[in-house]
Amino acid sequence: MNAENKKQAPAWCPGCGDFAILAALNKALAASGIDRKRLVLVSGIGQAAKLPHYTDANVFNGLHGRALPAATGIKIANHSLDVIITSGDGDMYGEGGNHFLHAIRRNIGVKAFVHNNQVYGLTKGQASPTSDIGFVTKIQTHGVVSVPVNPLALAVVEDCSFVARSCVAFPEHLEKMMVEAIKSKGFALLDILQNCVTFNKVNTFKWYKDRCKELPADYNPRDRENALRTSMKWGDEIPIGVIYRSDRKSFEEMTPALAAGPLAERYGK
Amino acid sequence: MNAENKKQAPAWCPGCGDFAILAALNKALAASGIDRKRLVLVSGIGQAAKLPHYTDANVFNGLHGRALPAATGIKIANHSLDVIITSGDGDMYGEGGNHFLHAIRRNIGVKAFVHNNQVYGLTKGQASPTSDIGFVTKIQTHGVVSVPVNPLALAVVEDCSFVARSCVAFPEHLEKMMVEAIKSKGFALLDILQNCVTFNKVNTFKWYKDRCKELPADYNPRDRENALRTSMKWGDEIPIGVIYRSDRKSFEEMTPALAAGPLAERYGK
Amino acid sequence: MDTNIRITGEAGQGVQTIGGLLADSFAALGLNVYATQSYMSRIRGGVNSYDIRISDAPLYSAREEADLLVALNRESLDSNLAAVSSAGKAVFDGADGGDSVVSLDMTGAAKEAGGSARMVNSVAAGVVFAALGYKPDRLFDALTNQFKKLGEEAIAKNHACVGKGIEIAGQLKGAVKAPEPGKAPLGEVVSGSEAIGLSAAVAGVKVVSSYPMTPSTGVFTHLAYLADKYGIVVEQAEDEIAAINLVCGATFAGVPAMTTTSGGGFALMAEGISLSGMLELPAVVFLSQRPGPATSQPTRTAQQDLHFAAFAGHGEFARAIYAPGTIAQAYDLMRKAFETAHKFQSPAILMADQFITDLQQNIAALSAAPNPIDRLIIENHAADYVRYAVTDSGISPRAIPGGGAFVVLDSDEHTPDGHLTEDLDERVMQQDKRMRKEEGMIAEVLAPEIYPLPAAEVFLCWGSSYGPCREAVDILRARGRDVCLAHFPQVWPIDPAKALAALGGRKVTAVEGNCNAQFALLLRMAGALGEFGAITRYDGLPFTAEYIVRRAQK
Amino acid sequence: MDTNIRITGEAGQGVQTIGGLLADSFAALGLNVYATQSYMSRIRGGVNSYDIRISDAPLYSAREEADLLVALNRESLDSNLAAVSSAGKAVFDGADGGDSVVSLDMTGAAKEAGGSARMVNSVAAGVVFAALGYKPDRLFDALTNQFKKLGEEAIAKNHACVGKGIEIAGQLKGAVKAPEPGKAPLGEVVSGSEAIGLSAAVAGVKVVSSYPMTPSTGVFTHLAYLADKYGIVVEQAEDEIAAINLVCGATFAGVPAMTTTSGGGFALMAEGISLSGMLELPAVVFLSQRPGPATSQPTRTAQQDLHFAAFAGHGEFARAIYAPGTIAQAYDLMRKAFETAHKFQSPAILMADQFITDLQQNIAALSAAPNPIDRLIIENHAADYVRYAVTDSGISPRAIPGGGAFVVLDSDEHTPDGHLTEDLDERVMQQDKRMRKEEGMIAEVLAPEIYPLPAAEVFLCWGSSYGPCREAVDILRARGRDVCLAHFPQVWPIDPAKALAALGGRKVTAVEGNCNAQFALLLRMAGALGEFGAITRYDGLPFTAEYIVRRAQK
């Protein structure tokens, strides 16, 4: 079976960073040796959330903001499946903010790839929780005044198993981060800076490309204090890479009812 | 008019830390010279959330988890009112977690006093988001496995205007923190460690009393990195005091429509 | 012959402990036990009460009057004294209960017997047994059972307290007429919550995710208690939205899953219910009602959420709602909800309320042997499998991920393969397909129960009003009124034919725990009812036979 | 005489720009303009279209056929060609549109005229004007107006493009029959969203809090646009739950406040709606419908959420729901929703849909002068003021915080002073008080409009179906059928008397944009309707007169 879905042509704008994420995902899945039949892509609603339709996988494209609890339920019911979320910044940090806060605590082995374009794409350009201060939209007519959410720092504070950032302007790095996230145990957050050519004229491809800098080779992601400091950086230089790793046990490991094997496969036996 | 509400006798258990919070609040309001008629106490649902009924104030006792948006609406409609939230840890960090995340970003001048007893009191003892790992309940029969929420660290990450912790075992400190919170500009978070004599037999009055230590006099709450480090401390020693201050502008200051005065008072004029 | 014993006191005084102890002991005596609770939304203080009604004949309702009142504090005594029956007795734990009250220092007696103040519970139970003239053997057994974990000494002390209670009962001994033991089938006392939780476990629920909310927490807690035995993952969610979406995810991946909640939490789930309709997932919701709107009376009972449950969620899709009238029926219908959800790949709701979840009765033992429902999942599906094949029944063969082909679900309108579509004809085909499932559900709707036989007048009821209505019908028929009841254990969807068969041409009085007679209105909407009268209750208390009779005779 | 012009292309090609430009120019010509949009849930690609129907007589519906089709790409041409009327013309931007299509290189023409590829919009508008045989003056004006911010050069280039369009139109000139200008009252083109937003601003809304959701975002955006002028705080909420609770808080503190949403977001607000019922706060919700369940068709239209809106939220409480049939009525009813919410201190919903919010017409100017509603707040209340005084009407004098006495609100059941109570009699008093407000609302329910006059057969409709139904009635009556319409601008609560007066004894056919004929069912629930037929539509498109006529003649 082919790794690309033949039926659906992406409904994204030409030039949208989502294409790069799709391409990187296909490569990362291949590199990770993932059996597509045992892969579930989970998403909410938004431009990013359409991704699962454009590749081959089992798909749960649910409600806006609710990818995390759905993915959690899937992973609990069958923890032998690979469960990856591909959804937007509004989806995961706005409508889905409470699940974000609590999924990390739970540390279930779901990998969340967040297409962070700092804007609400599908609903035509309102501010998202990650929009920079001053970002002007038809709703935020005088510009955003709220401090942006910093998902990475929040995740480090919550001792998230795997916390990384990448960017569509660095496709190989992006693929590598995906592979690392998939390899990691427990909950993984990969925040992906993604250009929206239509509604975000500030944080463009070039804007990201100019600012993103890979973490140095000797960076130690297990140093939490440093990770916290690193995750707080934003502006002229934006670090990309694996910012933090923790060796907490995963939900699956800590849940006695799962010890004998996947619930869905043992059912009735 | 008297500062204590005559009609309602608190429905709390004898020995509950909520009594100390009520007493401290009455003192802090007096010390702050607050006009009770211009004070609104906002709460969700829970044991803590009953507090507004036991003193004199305007009261908005709304839905479980929704104190923050209600308080936000009140403050927007009339920013000349003092708006204080008194609610529980489940209310503010569990059901209300998304509002918590975003209220801090918005920095509206609401003061949130969270009765953090690390348990769901009113519903008879399930784990709350702040319950320690290993805490056994009738639902978490093998003990809590999720990493507890650290509201203070999250607030520092989000550059919250005022972040403090106190504890019912230190009533004068508690009162002082309330006064400071009320005096501060923008959003204030005061997390109050509170014993629940009925459902939390681990984090008792003594447990808190033994561990809480006031921050040193030379502690600088404007040092964000240090504040972050301080807010991450939990265990044998738990710091209490004003952990972080930021000088961000408040929502009221940044919103043009509020410049001419409170909306509710200018209505139709 | 029946006797109603009421234990009352403030929260935290042990009202529940005494009540539970007595209920178990009476059941062991071979009495029919019917135990109900009334409590406030607080952990200490206030006035709570626990009624244990016992009889030599089956019981279906609580009684308003108490034949024996045991009050543990002054406020409870005062607020319950008027409810003591004419031949009844009131006992007060203390010195000066006042005229017509038997004042016994039960707390003092507990200490005298070498126990602690808390053991007043055992003293009180002894007093009750003495007053009813029952031998205390079964009470001793129950205590032995209850304290076996704490060891011999605790057992001995509690037994001594019972003895002391019997001793101080004095002139009260045998003063309250009591039914003859040994007439009821022996069986354990079980609550509505326990029956429902057990049924779900037996039916094979594997994932339970809820946010605590009275009065649904009992089922959630019981499932947590059963989790290890049945291999269930019970996960407290951060909120109700997470709970329902987690359940949707778990059913997609292939296991029966459910959530438990009450009105306010259910409101937060409305979008998720709509999702399970669209994705065609068998999400099961246990909805335990309390009065509304908003927080209202958290520990009280009501039947106010029927319209909301029938229409919750945007868009149009099929759902089934069951509403049990007895504990045994609750056990059966919990399973039925799982079966219907899986057969029609649609949300199913078991709708109960505070009254029936807290209700305790001794009934024929409920099977605890695992008996997982058929998930109706197709295995070994071919590579050209599509999730939403258009069929006559509207039911598409359901596969789960991990098999021979991709399983694709989308909350957007989709083509049969589950992928997003903007095609308007596909939309109509899928929407029609989904709606056809409702026709299938209607064909299988549970018929109403008519009791005892068709009559000129019908009390129309659903859910927990069954028992009180049934006793009211018995009373009114004994007085010569030609009345029966029609109880609907399933309230959605509606089969107008079945409803008309039960109600057509008769004088209908809806007996409902709400303001608007919601079920009667649903029947009228379905074209199955014209004019009707109503006996409603919405003060937070459950119906009683007396209440219905009083209102029916107005 | 009317002509329907359809501009079609993929998202991002400027279909909306051309459509808007033409609509404005036609309006300036004194034509009646009725413009509707059809678009997909994507930002680029797909097939979108913009219909501008023009006439010398008032218009009430879109038309299915196009008399002039302008297709900007191949896919759009292909999917719209069959819809060209027999005497109609199709224009394609490109070389080879095929037989029966006029192929014009409009993009090339734009460049030739010195403009950019984007200025194809102005070329296309020129072609349309030429085909219709209208003088281009008003089109020039509209362009001048549109580009005045960009300066003289932009204006000049666009004017040149229009000229080029007229030039290349060639044999197309005057080939499409068009209505005579100057017959319609001059007025600006306004959309449903703009009318609703303006009305709220004029009525004095001071706090607007929403989470974006198609098709409600237009109103939200227009309010943000008006915010500075009217002194409104427009705050994007983190989710819909925050939005409705923020609105509750703001109304408590004393200002009219509202939220805007669609089905899925409304589902998340259900608990908050119940809260506003309990706290007796005038929360106003603008609910713009799209098809369901779940995400379904985000950019399409439906009337599927009526049952849900009527019963959303747990418990029983009063609410009002208005559903406008025209843009002018939308303006009026938005205000009415605020007035009713404040008079009855209850939630009120303005229920529209994608069709009517995106609909654009030139109508008599809507007043933009601030005209704040009376909040009906008592001032200078005494120290013994209580918020929930029990009154005959159920309406208690409402004060806001900051005055002479405390204003206390509790979502638990409360005593008149707003404090939590466990007293069951107080509960009944307050619940009865709240329910009495529904009686008051019923007395004020807006009566249905009968058009043109009572007939043997009635098309029963509500909300946006009004216009298409009205044209269908005109067509059928012209063919001799004795039919009228009954349009209900208010759909909840229901006054059975008013409904019976309109429908009693007639043959009723419900015309509704849903599967179940939801409003007809509500009427039957209320005892105001027996048997009925139904013409339903739920493919995502709005009704048209043709659709209704076709179905009515089956």
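We just call them A, B, C and D in the order they show up, numbering each chain from 1.
By our rule, a contact is a pair of C-beta atoms (placed from the backbone, for glycine too) under 8 Å apart; a residue touches a chain by one contact, two chains touch by 3 or more.
Only a predicted model underlies this, so the values are computations on that prediction, with no experimental measurement involved.
**Student:** Determine, using the mean of C-alpha atoms as each chain's centre, which chain is farthest from subunit A.
**Tutor:** Result for max centroid distance from subunit A is chain C.
**Student:** Hey, which pair has more contacts between C-betas, B-C or B-D?
**Tutor:** When the contacts at B-C and B-D are counted, B-D has more.
**Student:** Would you mind pulling out the distance in Å between where the CA atoms of subunit A average out and where those of subunit B do?
**Tutor:** About 32 Å separates the centre of subunit A from that of subunit B.
**Student:** Mind checking the centre-to-centre distance between subunit B and subunit C? Centres are C-alpha means, answer in whole Å.
**Tutor:** About 36 Å, centre to centre.
**Student:** Any idea how many Å lie between the Cα centroids of subunit C and subunit D?
**Tutor:** About 44 Å separates the centre of subunit C from that of subunit D.
**Student:** Please output the residue numbers of subunit A that touch at least 2 other chains, ranges allowed.
**Tutor:** 45, 62-63, 97-98, 101-102, 106, 129, 255-256 - these are the residues of subunit A that touch more than one other chain.
**Student:** Can you pull out the residues of subunit C that are in contact with at least two other chains?
**Tutor:** 40-41, 46, 227-228, 238-239, 241, 264, 271, 275, 279, 294-295, 298, 410-412
**Student:** Under the touch definition given earlier, write down the residues of subunit B that touch subunit C in their complex.
**Tutor:** Subunit B reaches subunit C through residues 9, 11-14, 45, 47, 62-65, 94-95, 97, 120-124, 126-127, 129, 138-141, 198-199.
**Student:** For subunit C, which residues are in contact with subunit A within the complex?
**Tutor:** For subunit C paired with subunit A, touching residues are 204, 206-207, 209, 227-228, 231-233, 235, 237-239, 241-243, 245-255, 257, 271-272, 275, 279, 372, 375, 383, 400-412, 417-420.
**Student:** In their shared complex, at which residues does subunit D touch subunit C?
**Tutor:** Within the complex, subunit D contacts subunit C at residues 40-41, 46, 241, 262-264, 266-268, 270-271, 274-275, 277-279, 291-298, 300, 302, 304-305, 307-308, 310-317, 410-413, 422, 424-425, 427-428, 431, 434-435, 514-516, 521-522, 524-525, 527, 530-531, 538-541.
**Student:** Hey, which residues of subunit B end up touching subunit A in the complex?
**Tutor:** Against subunit A, the touching part of subunit B is residues 97-98, 101-102, 104-107, 129, 142, 145-150, 153-154, 157-159, 225, 228-229, 232, 248-249, 251, 254-256.
**Student:** Looking at the complex, which residues from subunit D come into contact with subunit A?
**Tutor:** 12, 40-46, 211-214, 217, 220-221, 224-225, 227-228, 234, 236, 238-239, 264, 294-295, 298
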